[in-house]
Amino acid sequence: MGSNQALDIKNKEFMLIGGLLIIVAGLMAFFPSLNESDTTVDWISLPLVGFPIIVSCILLAFASQESRARKEVLAVPIRLFTLVASMIPLAISTALFFDWLILVDWDLMYNEYALEKEYVWIETIGVSWHVGMDGLSFPMVWLTTFLVPITIITTWNEKDGATYHPLLLMMGGALIGVFVALDLFLFYVFWELTLIPMFFLILKWGGKDRRYAAQKFFIYTFCASVIMLLGLITLYFLQPEGSGAQYGTVTGRTFDMTVLFSNATAYNMGDNVFLGKDMQNVLFAMLMIGFLVKLPAVPFHTWLPDAHVQAPTGGSMLLAGVMLKMGAYGMLRIPIAIFPDAVVYYQDVIMAIGLISLVWGAIVCLGQTNLKKMVAYSSVSHMGVILLGIASMQPIGYAAALFMMFAHGIISPMLFAVCGAFKHHYHSMEIGAMRGMAKWSPYLAVYMMFAWMASLGLPLLAGFVAELMVMIAFWPEYGWWILLPGAVLAITAAYYLWSMQRTIFEGGDEGQPPESLNGETPPDITLSENIGMIILAIFTVIFGIFPFIALGMMDQWTVAFFEGVFNMGGI
Amino acid sequence: MSGSEIIDYAVLIPLLPFLAFPVILFLGRLFNGTPTWVKNVKEGGIIALVAMGASLILALSLIKEHMNKVGAANVFTWFESSWWNPETGSITTKVFGFGVYIDHLTVMLLFVAAFLCFLINIFSIGYMNTDPINDNRNHRFYAEFVLFCSGMLGMVLADSFLWLFIFWELMGLCSYLLIGFYYERPSAAYAAKKAFLTTRVGDVFLVIGLVMLWNLFDGTLDYDVLFNAENIAAVDSGELQLALGMMFIGAVGKSAQFPLHVWLPDAMEGPTPVSALIHAATMVNAGLYLVARMFPFFGAAEMGALSTLAIAIAIIGGITAVMAALIAFVQMDLKKVLAYSTMSQLAYIFTGLGSALWLANNGYDDLAAFAMGASLFHLFNHAMAKGMLFMASGSVIHEMHHAHHEVAHHGHDDHHDDHHDDHFDAQSMENMGGLASRMPITATAMFVGSMSIIGIPLIGGFWSKEGIIASAWKVALKEPIFLLPAMLVLIGAGMTGFYMSRMWFMTFAGKPKTEVAEHVHEQTPWIPIPLVVLTFMTLGAIIFAGMHAGHWLGDFESGHYTSFVDGIGYEMEHVFLNHDPFLMILTYVAIGLSLVLGPSFAMALYGGSLDGNQKAKPWMQWAINLSAKINKRSNFDNSAWANSSLANSLHKRLHFDDVYDAAMMKIVVGFAKLSAIFDTRFIDGVIKTIESTSQEASRRLRALTTGSARDYIMMTALGTLVIFMLLWGVA
Amino acid sequence: MEVEVFSTEFWQAFAPEAILIVGLLLIFIIPNLGNSKFRIPLTKVQVPWFLGGRRFSITGSPAIPGMLATATLFTALGMMVIESVDGNMDTTTVTSNGLVILQLDNFSRFFEILFLAAVLLASMASLDRIPAHTFSGKKSLEELYDNRRQADFYILMLTTAVGMCTVALAQDLFVLFVGLELASLATYVLVGFHKESKEGAESGVKYFIVGSVASGIGLYGLSLLYLEFGSLQLATIAANWADSTILGTIALGLVLVGFGFKVSAAPFHFAAPDAYAGANSPVAGVLATASKAMGMIGLVRVLLVIALPEGDTDGSAIWLYTLATLSVITMTWGNVAALGSTNPKRMLAYSSVAHAGYMLAALTAVGAWKWGEIEAPGDYAEAIVAAVLFHLFVLVAFKLGAFLVLGLLEMEGGASRLSALSGLARRDPLIGTAMFIFMLALAGVPPLAGFMSKFLVIAGIVSTSVGELWMNGTVSFSDLHWVWWLALAMFINSAISVFYYLRIGVVMFLDIPEESRRKPLPYGASIRMAIWICLVATILLGLSGDTLIDMCYRAADSLNLA
Amino acid sequence: MIDPAWVSGLAAILFIIGLWGAFSRKNAIVVLMCIELMLNAVNLQFVAAATHWGDVTGWVYAVFAIAIAAAEVAIGLAIFLSMYGQHETISLDEVNLLKN
């Protein structure tokens, strides 16, 4: 049986990976609990952000100087080293996660940041290296640290590994940077920095149209983010001048988010509103454009299918798993926190964009014949849910958006891992090019079914919780519009099931391998793919059955956010 | 603390099978094909059986404990989230917890579920493990089987509509997996998808209904809050009706009622134990359970405010009852007849529930309690009988398969294990006939089961069915619209008599229609056990009839008949000796229809004696003889009917499937394909146009750089002019 | 401090510039040292004269001029940097007959450093780009050509540097113009330096003709200014500007054309792409950075020092709309034209046009600061000027760096097709990466210097448009000055520009090298060194530009705009 | 003495003729002459203005401008020569290898 060979523990790599997991556990044991350390040690700057980026830069510089033949020899030690390096942030963030779960007194509240550190960076214009984590960013940070090693393992055998895997690591560092940045300038720097490794991942390891896709991806998102930057700069100069460590010596303004938040709160609560309503709205819209494109929301979504279809598996996994969430994260972090009135003003617009993304993404999915493209559009559809959560103006809706980010961050990498394995072993992406996958590749079939089911929101898997919460929050605000998200639930099921019917099922006793295999017997997935996917599957179940692990801090954060930003409830 | 109670362990009932799922799956992957695994563990069947047995024992002790009292236990907090109340402006924490809740309804359904799961597990070991087509995948069957059982038991025990829904979906998943068990068959793949999607449509509405309910009841779906009469009275009943209506659509999907009924016949693609368990005995009852759960709302809500919904439920039930029965007339596939029968009987229960809800909402508490009891009792009877019927049919099919094997084996020695090259249909009744003598236990079970479904007096379904019809008519006397469902269920009674008899006579009476049918005989010991058990359950339904009147209706506190004998008396009164002359006549009309008219027609058309040397068991022989007599006497020629357009469209299942398929493939998928094109051509086209336009603009702009220095000077001069103009414009 | 021309203090203050001139003279003299003797007329006495005759082998080595020039530039630059880095520059004013001719302050010193840095990098690169070949052995024609013009090339380079320094120092518009002409004439020749090729000769002609016309127009503008004010002293004109007649406006327009050509603002930029394409890459790099900066000095002097309204008057500058239009046209034209360009040098030329547009937009914003109720307008103007200076400075790092990479490619053949870059990252990953980083910096991707500079420019524009509105309570969007839209235009343009910058990266990383370029890149130690310097500066100035920003602010401060 | 205004007018006319000639003539030498014409207009203007203001600096400017013009001619002719060497034409319209 082809299926059994995957379980043969003949592969040294298996033991190695197992060993590494043990190392993570071991490393975690050494990290002291936060209460003792949060004032002295900077757990974020170097270990979580700097270390991956620096290590990957060194590895890349090292590998790029080698000849082609040497590179192939070096690929194994380099990716092993990369994997170990990626485990260290994972160990740290997991230790922090446990700290949060066990030590209840550490609250990841809005505008109260854990492990906050601040170093002055560019004095003249008030830029500082200000990092910290709260209930919004922490789950995403953990997710990133979690996904990078998973991605490395899943795409263990990617060609040219000497540069591929370090790029993944660099990507992870930059993504974490986005999530921990508490300074607008720093945020923007990391925001753009994430583009570069992704650009190369698509460009060098992509499919046939990679040239077009890589450029489109870069330019499209870059265009959006410059508009966002203009909004940020305008906002920067609209704030009252001040003095202090965070303020620029020349401009008298600051990029420090925490200062901005407290200013926004202070000014909006009192009579002295420092920005006019329409000014708020304009700035809000400008910032949102950048984030909506990243999310992506219809009609700014067309870069995503191209990027996903062309990107290599690892790139897709990180792109869908974390990079899209940057959009949602950014929304919640900046425009919504600073312009709560504008959120109310644009509430219906956000709702409409969310609904359109949701419905349009799902419908287009149904019409796709390319497996990866379908999954890509399903991401568009799911990201619409986040907008609905935001538009609902309910803490539960916001918590749903947060949880959606998190859950989709676990599920969608699995979707793309399945697509990647499918492409890898069947040399085709066409839905319906073959039948009866369950016959040859039972593991792949199981993972595919699992991932598909998780994505269509089956209860007890991570995706359901968020959808339920969003619908609960949606109803009192928008009433019968709820039929549309409801219809999407059915359409989502339809396209997933239909695609499964035409790949996993059917085929008769003989089966119908795709033509692209030229009559060879299709193999099942490799051990590394298996390991990567099973870890993702396990976590999908864990967070589906025990959502409170992550939702706890999200709920705390949303409540604090509503009290702090919208001035609702409490106090 | 008064020590731990049994209810604290109730969560184990669904949890055990749930944990067995990965165990079976993993061990199966690991040991698949090894002798121990096949012989001793029955490819996972024994592990499943142990889990199910443990669950059953726990369930029984729980039932014993809570026969007369409501119980609840909190298990864990799923998650908490916060809610901002626009009116008060405060943010409160809403808890989404999971717990166990037991009342009369739970007790009944828990018994049905745990009991049938266990029996069908036994049956499966006999059925699945001897079928060569299942090589290497039975562990998958058992894994999915226990997962399903976990879902069913969980749904019954859950203490909130939220978890009811979660388990409900879990069952849907298992149903999908098990229908698609033979994944390589296109028809199975299609049926699985169809089942999931159709129920999913209903589920969408169910979710919406739950969301509405959650909002109505200020952030909870827990039964103990929802069923509080004061809470219900405080809610706007119009919105409540909408919410409950939405939830009812979910029930329609799950219980395969018109118009979401199309998936159930196709679901027969799954292995027969699956049909027995999921698509007859348990999962399809989930919809009924959901509607039955709504009972407290109707009782406590504003008088008459929810009548519309009750009527709608009854009408949907009535329509489905007749429609499914009609289609069942022409089915040749043994399992499909049963499938339509299931649909029809569930429809009866819906009608009964509709009546009960109407009565409850209009203040007739006593009548409502009776109607409710009758409906639930019918649910019980039907589950037992239909589970049995399906298992019996499975037995027939299984043996037909084996017999076909033998026949084929004798015929061509060279390729004996290839049973797919010829197209013998082991499920078609056209290939059967005269099996009564060859499969006595099966035939008996089928006989009793059919009688129970038909409503032959004193057997199983009779007790409950007459109650439903009577209740429907009681409402119809008060509410004219109700005449429609009442009439339909009355007609349906006769139709049931016809198609069930037809099935039985075609299969078991007459001469064997094929060579295969002659070689059929019962062999494996695992199959008859559940058949025998269930036969006696069905025959002893009068015992439960007494109990239903005593315990299964209404609230425990206001139970009307606490003694067993009282219950039987009450039941008798309602069935045979109704004090209302109209209802009494009606009851006898119904009995007549189902007992006389339907079976007579069936006998006239399909009856016949066995082969000369064959003899059925005495309790069936009389029926066979009678049928042979009627058949000979009447000499019916039904070719005109068989060729009629109605028969044709009945063969085509009244075109529902065609229309739905066409709507799905042509309209929805067509629109989706168009959308995909629109997305790339237009939305992305805008981007591409910007790109190509800018390239074109670039080309044109660069064409201005002609290469001649004179032109550059001229442009400089022109630029100077422009600057002057701009400067003067300001100055 | 005021000094007379050629006084002791003068030489002390202007030591670096003096070193430049000495170096210039040395390049004249040293290669010509030989054994010639001078016969005293009517006698037979021959006095050793050393100039001409048979050249000494050491001093006559063709490598000498390049080294001399580099050493001179390095020394001068070093002196300037050491002198000004602590920020305590004394202002030295040079007067002659009551006219202020030159002024040494933070502003001029900043630009001198910029110029010398650019020219130094270019000469370093030219050591390899136009290599000197030793005398031994037979030479190809090409090599002989190379040897013959060593001295010419570096003389012209140093002349350019001297001219530019003059422009930076000038306090009299005419002196400024003389310096400009000095530098321009040298660059005309440098552009046409490759006279053996058709393109070289042609580019020289075009650049020369169009440049002469433009400077002719500018000079005519100066003469009109002189007619209007009776003086070309900056201080005098600035003081009387408020009373100027229409003649002043006309003159302003004409002068604008002269400097517009230098910064290659549309529509005066036409010759630039041709010139860059024909010139060799280091020279093109100097044109795109130093020469542009020179033009920008002129614009700052004319527009900001002279033609700004007085401190207490209301209303915006007279050239506000003109410059706004010019800037938008320039940036859009540059970017759109660059979009489809397949010649990397022309593409860089167009991109430099676009960058000129950005800087013009920044200058426009200064003209607007009279518009709102800004309490301390000087700060805003200073911020913008500082941003422009920063931008000009970091351009030396990445724009010149990009040209130097092209120069490296020119060493093995042309670099005027995109395909010349194909597979560069594969052939030499570090150079390829460096080029990609230059491109990203040009596009303005953080955290590189290009982002920082663009960021500062835009921040400057936005800060002007926002002004001190926050003090008045509620700010609504319509309260913003319309120059805010310039910032938006800039953003849209930089978004467009990503497209062509990225294409270079794609070609380098994805495409297969041309047939003739499958071998490793030529080595070229000094040009690589120059590229590394540019690369390090690009990254460092992006990550931590505080020192430079401070320098820019001091420079802007010494303009005394407020 | 002639009113400086007339001289200024002449200078303006000369300048416009020069500019016009610069882009209307094909021959590079003629274009160079036109540029010289423009520079001469500048000289005239300086002189006229110096007369108007009674300021000697203007005369100095004019002298410098003449020097610049001379240098320009020298360089220009040298460049034209090299152009002629390569392209064998002196017509500006025919020298257009570099374009777009």
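The letters A, B, C and D name the chains in turn, as written, and every chain counts its residues from 1.
By definition in this document, a residue touches a chain if its C-beta (ideal position, glycine included) is under 8 Å from a C-beta of that chain, and two chains touch if they have at least 3 such contacts.
Since we're looking at a predicted model, the values are computed, not measured.
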{"item": "Longest centre-to-centre distance from chain C, chain (CA-based)", "value": "B"}
{"item": "Comparison of A-B and C-D (more C-beta pairs in contact)", "value": "A-B"}
{"item": "Chain centre separation in whole Å, for chain D relative to chain C (CA means)", "value": "25"}
{"item": "Distance from the mean Cα position of chain B to that of chain A, given in whole angstrom", "value": "39"}
{"item": "Whole-Å gap separating chain B and chain D, where each centre is the average of the chain's CA atoms", "value": "98"}
{"item": "Mean-CA-position distance for chain C and chain A (Å)", "value": "44"}
{"item": "Per-residue multi-chain contacts in chain C, two or more chains", "value": "205-206, 209, 213, 217, 273-274, 341, 499"}
{"item": "Numbers and ranges of chain D residues touching at least 2 other chains", "value": "19, 22, 31, 92, 95-100"}
{"item": "Residues of chain B engaged with two or more neighbouring chains", "value": "702, 705, 707, 709, 711, 713"}
{"item": "Every chain pair meeting the contact rule", "value": "A-B, A-C, B-C, B-D, C-D"}
{"item": "Of all residues in chain B, those that touch chain A in their complex", "value": "29-30, 32-33, 77-84, 89-91, 93-94, 136, 162, 165-167, 169-170, 173, 176, 180, 183-186, 188-190, 192-193, 196-197, 200-201, 203-205, 207-208, 211-212, 214-215, 420, 664, 668-669, 671-677, 679-680, 683-684, 686-687"}
{"item": "Partner chain B, residues of chain D touching it in the complex", "value": "19, 22-26, 31, 92-93, 95-100"}
{"item": "Residues of chain B that touch chain C when the two form their complex", "value": "694-695, 697-699, 701-702, 704-705, 707, 709, 711-713, 715-716, 718-720, 722-724, 726-731"}
{"item": "Touching residues (chain side chain A, partner chain B) in the complex", "value": "1, 3, 7, 216, 220, 298-299, 301-303, 306, 360, 363-368, 393-396, 399-400, 436, 438-439, 453, 458-460, 464-465, 468-469, 471-472, 474-476, 482-483, 486-487, 489-491, 493-495, 497-498, 500-501, 504-509, 511, 546-548, 551-552, 555, 558-559, 562-563, 568-570"}
{"item": "Chain B-facing residues of chain C, complex", "value": "205-206, 209-210, 213-214, 217, 246, 249-250, 252-254, 256-257, 260-261, 266-268, 270-271, 273-274, 318-322, 325-326, 333, 336-341, 496, 499"}
